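Note that the chains take the letters A, B, C, D and E in the order they are written out, and that residue 1 is the start of every chain.
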Amino acid sequence: MVFQYYPGCTLKTRAKELDRKARLCAEALGVQLEEIKDWQCCGGCYPVAKDEIATKLSAVRAMMAAKDAGTPVVTVCSACHNVLKRTNHDMQTDEVIRDRVNRYLKPDVPYAGEGEVLHFLEMLRDKVGFDTIREKVKNPLTGRKIGAYYGCLLLRPGKVMAFDDPENPSIMEDFITALGAEAVRYPYRNECCGAYLALEDQAITKKKSSAVLHSAKCAGAQEVITACPLCLYNLQKCGDDLPVVYFTELLFEALGLE
Amino acid sequence: MQRIGVFVCWCGSNIAATVDVKAVAEALGKEPGVVYFEDYQYMCSEEGQNKIKNAIRDYKLTGAVICSCSPRMHENTFRKAAAAAGINSFMVEIANIREQCSWIHKDKVSATEKAIILGRAAIAKVHLNAPLTAGESPVVKRALVIGGGIAGIQTALDIADAGFEVDIVEKKPTIGGKMSQIDKTFPTLDCAACILTPKMVDVAQNEKIRIFSYSEVDAVKGFVGNFKVSIRRKARFVDEVKCTGCGLCTEKCPQKKVPNEFNLGLDQRRAIYIPFAQAVPKVATIDADYCTMLKTGKCGVCSKVCAAGAIDYKQKDTFVEEEYGAIVVATGFNPIELKKYDEFAYSQSPDVITSLEFERITNAAGPTGGTLLRPSDGTHPKKIVFVQCVGSREDGGGCGKTYCSKICCMYTAKHAMLTREKYPDTEVYVFYIDVRTPGKSFDEFYRRAVEEYGVHYVKGMVGKVSPENGKLMVRASDLIEGKQLNIDADLVVLAAAIEPDQSARPLATMLTASMDTNDFFTEAHPKLRPVESPTAGIFLSGCCQGPKDIPETVAQASACAAKVIGLLAKDKLTCNACVAHSSEMLCNGCSTCEKVCPYGAISYEEKEFRMPDRTTRVRRVASVNPAVCQGCGACTVACPSGAMDLHGFSNRQIMAEVDAICK
Amino acid sequence: MQIEEKFEPTIVAFCCNWCSYAGADLSGTNRLQYPANVKIIRVPCSCRVNPMFILRAFQRGADGVILCGCHPGDCHYTTGNYYARRRMTLLFSMLDFLGIERERTRVEWVSAAEGAKFAATMNDFVATVTRLGKNRRLEDLRCKK
Amino acid sequence: MQKVIREKAIELLRSGKVDRVLGWKEGEFFYDQTPHLFLSPEEVERTFVYNGFSGANLSKYLVKEGLKEGVVAVFLKPCDTYSFSQLLKEHRIARDKIWAVGIPCEGKLDIELLRKMGIRGIKTIEEKGDELLVSTIYGEKTVAKKDVLAERCANCKSRKHVLYDELLGEEGEVLDSARFDQIEKLEQMTSEERFAFWQNELSRCIRCNACRNVCPACTCEKCVFDNADSGIASKAPASSFEEQNFHIIRAFHVVGRCTDCGECSRVCPQGIPLHLINRKFIKDINAFYGAYQAGENPDERAPLTNYSTEDMEPGDVFKKGE
Amino acid sequence: MEQKNLKEEILRISGVNPRKCMKCGKCSGTCPSYEEMDFHPHQFVYMVESGDIEPLMASGSLYRCLTCFACVERCPRQVEPAKLIEAVRLTVIRQQGQNHLKPDQLPGMLDEDMPQQALVSAMRKFAK
């Protein structure tokens, strides 16, 4: 299996480990990730305004590269995933945006959202299959109670992301179970961690993030996984002692890659 | 060539003041085919009518044109007069020279000129008129009621009371419907079972009523007065006649793990069961999905314990064919699925329940014996949050309904009030968007909940429910106070939107009855014919037509019965004379007309025709059922070959009027 | 002094029996004036009006044709005016495409209670068609070139 | 392709699978082909043709053929299958009497376009890829095929067959056609200009009825124009505005049923672009009620036998851009 | 900008139709930033609708919306309040010199673990 790979800025700097482990895991599962040439930063958050085009271009370029390569784009970072998927949805459905972007980029063939975006987790579920993962697990995480933290970006808006049930998702729980651990469901798993307010006012992000971890703890989680570097940062910084790791770390460990 | 008489009415001065009636009469007298003309002060008077009758006889008229007031006023009067004089009543045409001429014009010259033109158009039309006879069809004096809830029960009882036979088809093992699951009824708080079960017994004992329980309508043919219906009686593996309803089998059956749908899955029943104590008919039914005997052939306990020998594992579905004059749809409603509303954690916590589940929990015959207990741990909830409008009043595109479900405000007030009455230590919050209480004693009822029972009504919607440490954390906004609330509730009750029963859509197709986009049956007229479907002979009772509470349902059910009785009381139905008809020689058999007919009046048949070259050919041709056609004419325009035409308003008649006006 | 003869257009109005014909009656009952140029033909439903009738009217010398029916959703026969609406939309668009003045055709929904609307509609329509003058284009395309 | 088709026709006749074959045969001139019913393999061998001038849509003939005993094989180009499917939807053809063979089409030629180039005395035309080798009594000439394509083929909507019993050659695709461009051009004219355009076109009509007779949607048992009782019967160009009345009524009768096969314009001896009238209806339907292609989907409700409560009002047609 | 134009501009940028709102308050009932805001999501909707926009533009609430889209997801009328808040914010920061976040402030805000993502997205939300 070959996919185009969009690492995103965070994975190239602060979170190089995430990038490395994601690639190694993919390799172990027989997936080849080809990094998109000359990819540019997605901007970190989807530009909601209907009249902004410039801020959508880098995402469109990535999607066009994927269309040309004929395979879906895989992202590990849920922010990139959110931006790419929603921008692509705009290209599919919003005539004005599509028209303006195409006039700006002037591709040989106008782009209308033909490319496909997959989050690494979606790739695991829909392309690799959790059953395959279950078979390939060398170190089952038996006995560990793990809570999944989805946050906002993976799930919302539900109709556009079409990732999972936005109010009662299960993909990360299935992932945890496939690795042999026990998945702990808790109500705050789709509540916001405080996001980019971390820059301005860490008191707020601390409040939001500790509420999430408190909820996970109450439900019996001993550790928490996430799919977003910013969530990871906020959760780790909120002062709670519950360990929070990136989901690929867990996969890396279970596949016995170190 | 017709012999036409023209009669110009003065209507006192109403017409004569602005229209020169003599000039009109004389001008029209010169039209081809007109052999007689006359003007008179009041054509509609006894004397005026006699003038028409006499002229018809004396001048051997074949048609008459009356220049007078609107046909909506006196067309019938003049038609009757013509018929009395021996010509077909459809040989009369009216030229409306009052409402559409003298009353709207001031200038006598142009008004007179216009009156002459209108008269000419009417004459041109009469030239092409042909005698019409309205057809008749017999009426089978029996009604079918589909659905045995309170709507169906009330309609059936009322029809039977008038002396007509009624059959009720109910898909569940017992009649009773949703009302049998309800605990108390608003606004009087009398017990639902106490007022419903006597009616169910009345149905069972009424000689005019037959109940086909555990049955479904399989096919419908025919038309008003003459429906032929095939009813599937599903195998219940118990002989209805032999079974005494003693219930021994339902106690001895070893398969105990069947979710009890009557209690909405809150407890379990056996594989052989009687839904509830007052079921009608009180007969056991085997659930084939769970019965060990039916699945594996090993068990047979119920058969062994049945003293009446009523168990029959080999029973098969059977079909009953019956004829009916009228069909009543009373298929009712269901609360919507709440899977898509997991911000309220309905599928994540057993303590988040629907209002109907709350009814069962508070019902003395329910799974908790009427004690209010949490489904998760059986403890008594100290704080209850009611959430209104779950899935109602949504914008299209979501999974919810665009309409207001109408009953939720009132039953929630009831639930809140009853909870506070029985358990004064329980705090009750109701989150509402609007409290809608139009109805007799309804708002007073809601105010009592607030003022006397201390229910906290909060204006604002709940945003999220989080199950945490055995509690349900409810986050909501209080829009009046302008703050966000966090309530640690023990029980959350969701007022789920209601929707028509799933069986309604396929049934509507069978009946050719129209439905709206929400799958509610449409009424023949939203204000003036609210209990009839546009399809003749199909009547609507209860929630299949739209959300309504019990008092409204019963009122509509009785209204529906009155309409049915009115139909069944006739020996013959006089059909509309101005119906569509298809020329078989011109028909292409393309089915276009059939698609636009709102009444399902057009059908197709293969017919053998002798062709001009003496060969025979089988052709597919349309035929219109005159008993069903209402004469709108949609088919006549849809027909590409011009085979379809309308009696009384034929293509040539209308074009003759056009020509006369444009001359 | 020379008096120029005023052009008096011929207008055919098709009215459905249940709403618009009753609306026209009501405007009479209320003595609301509209020009005598309008001549009404009663049809059971707006869906009874065949495009042929409209063409026929123009061909025989009508200067404007208007179709009135129940408001969408209120049709006596439930769905008739919905079909009429599609048919007339396409027909009028076609007549315009062929170069016929679009103002000569109109569809208006008039209920049995809207006597005032009926009169106002007719006043407006007659004024519009009078301004356009005699219908020449639709009457003949071939001979009067 | 002609060779493959002839072989198929012969095979079908020899095997007894079909009793007759509907195809094309040369008429007085080689470019003037007519539909023909072939009864024997020998006849096929001798006279069956399929080339750039086999333009006739054979589907209409199946209405009559379906009434006869035995099975008829018919060769259908992609656009012809839309008509075939539409006729089946209208119950006009006995399906079991028909053996439909889908054949590919690279676009048909319009001899008038060659003549307009000033090429006269044409003896033969040979297709060589994108070019045509035209030999005339004055010598040989090479012209680009695209310059001689019939309008309907230059704006071909689909090279995909809707249905067939068997297919010869490769299946094509539904194309992104520019067929509405000319309609748009007309729409942008002023009302007076449009009137002048149509007056010029329609005044040439001689009421020969060729358009009606060839139209696969005009299969009525008896045409309203021939029916004395219809009130609009007319057979000759009368002194009023009959032509336009005829063409509007005819177009309205086929609204939502016309597949835009373009036969009406092909056969018009006066060269009136009649397809534009039908195509205007198709364009309007697509714009007002959502894309609809007659003959494409047998289960879809046609636009005029359907409605939505949200449909636009007739007056709204002219509100756009004003 | 004039009051009316301002409203039109906001509606254009957001693509939101505030008239669809039935004032149920579910957006505010679900908002995780509710406590940090002076004006809450439902108030944004009706204040924009009534043209009362300046108080919103002056409010710090603009910079407390997390764009978590919980209100958008849960709104029964598909009003999408978060898009309105974003549009109001944009009308502020698109004016010259109105950037809420300035690049020279950044170094003081960062720590070594702070992911790039936080930086880029905050800049995108709060500056033009």
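Just a few scattered comments:
Assume a residue touches a chain if its C-beta (ideal position, glycine included) is under 8 Å from a C-beta of that chain, and two chains touch if they have at least 3 such contacts.
All of these numbers come straight from a predicted model, not from anything done at the bench.
The chains in contact with chain C as well as with chain E are B. Shared contact partners of chain B and chain D comprise C. Counting C-beta pairs in contact, the pair that comes out ahead of the other among A-E and A-B is A-E. When every chain is reduced to the mean of its CA atoms, the largest separation from chain A belongs to C. Mean C-alpha position of chain A lies 24 Å from that of chain E.
Distance from the chain A centre to the chain B centre is 51 Å, each centre being the mean of its Cα atoms.
The distance from the centre of chain B to the centre of chain E, with each centre set as the mean of the Cα atoms, comes to 48 Å.
Between the CA-based centres of chain C and chain D the separation comes to 36 Å, rounded to the whole angstrom. Residues of chain D in contact with at least two other chains: 231-232, 304-306. Multi-chain contact residues, meaning those touching two or more other chains, occur in chain A at positions 167, 191. Within chain B, residues 343, 464, 596, 638, 651, 655 each touch two or more of the remaining chains.
If you check each pair of chains against the touch rule, the ones that pass are A-B, A-E, B-C, B-D, B-E, C-D. In the complex of the two chains, the chain A residues touching chain B come out as 165, 167-168, 185-188, 191, 215, 218-219.
By the touch criterion given at the top, residues 340-343, 345, 347-348, 464-469, 473 of chain B touch chain A in their complex. Against chain C, the residues of chain B that register as touching in their complex are 70-72, 96, 98-101, 103-107, 110-111, 113-114, 117-118, 121, 514, 522, 524-525, 534, 578, 596, 598, 630-634, 636-638, 646, 649, 651, 654-655, 657-659, 661-663.
Residues 67, 90-92, 219-224, 227, 229-232, 253-254, 257, 301-302, 304-306 of chain D are the ones touching chain B in the complex.
The part of chain C that touches chain D in the complex is made up of residues 51-52, 55-56, 58-59, 72-73, 79, 82-83, 85-102, 105-107, 137-143, 145.
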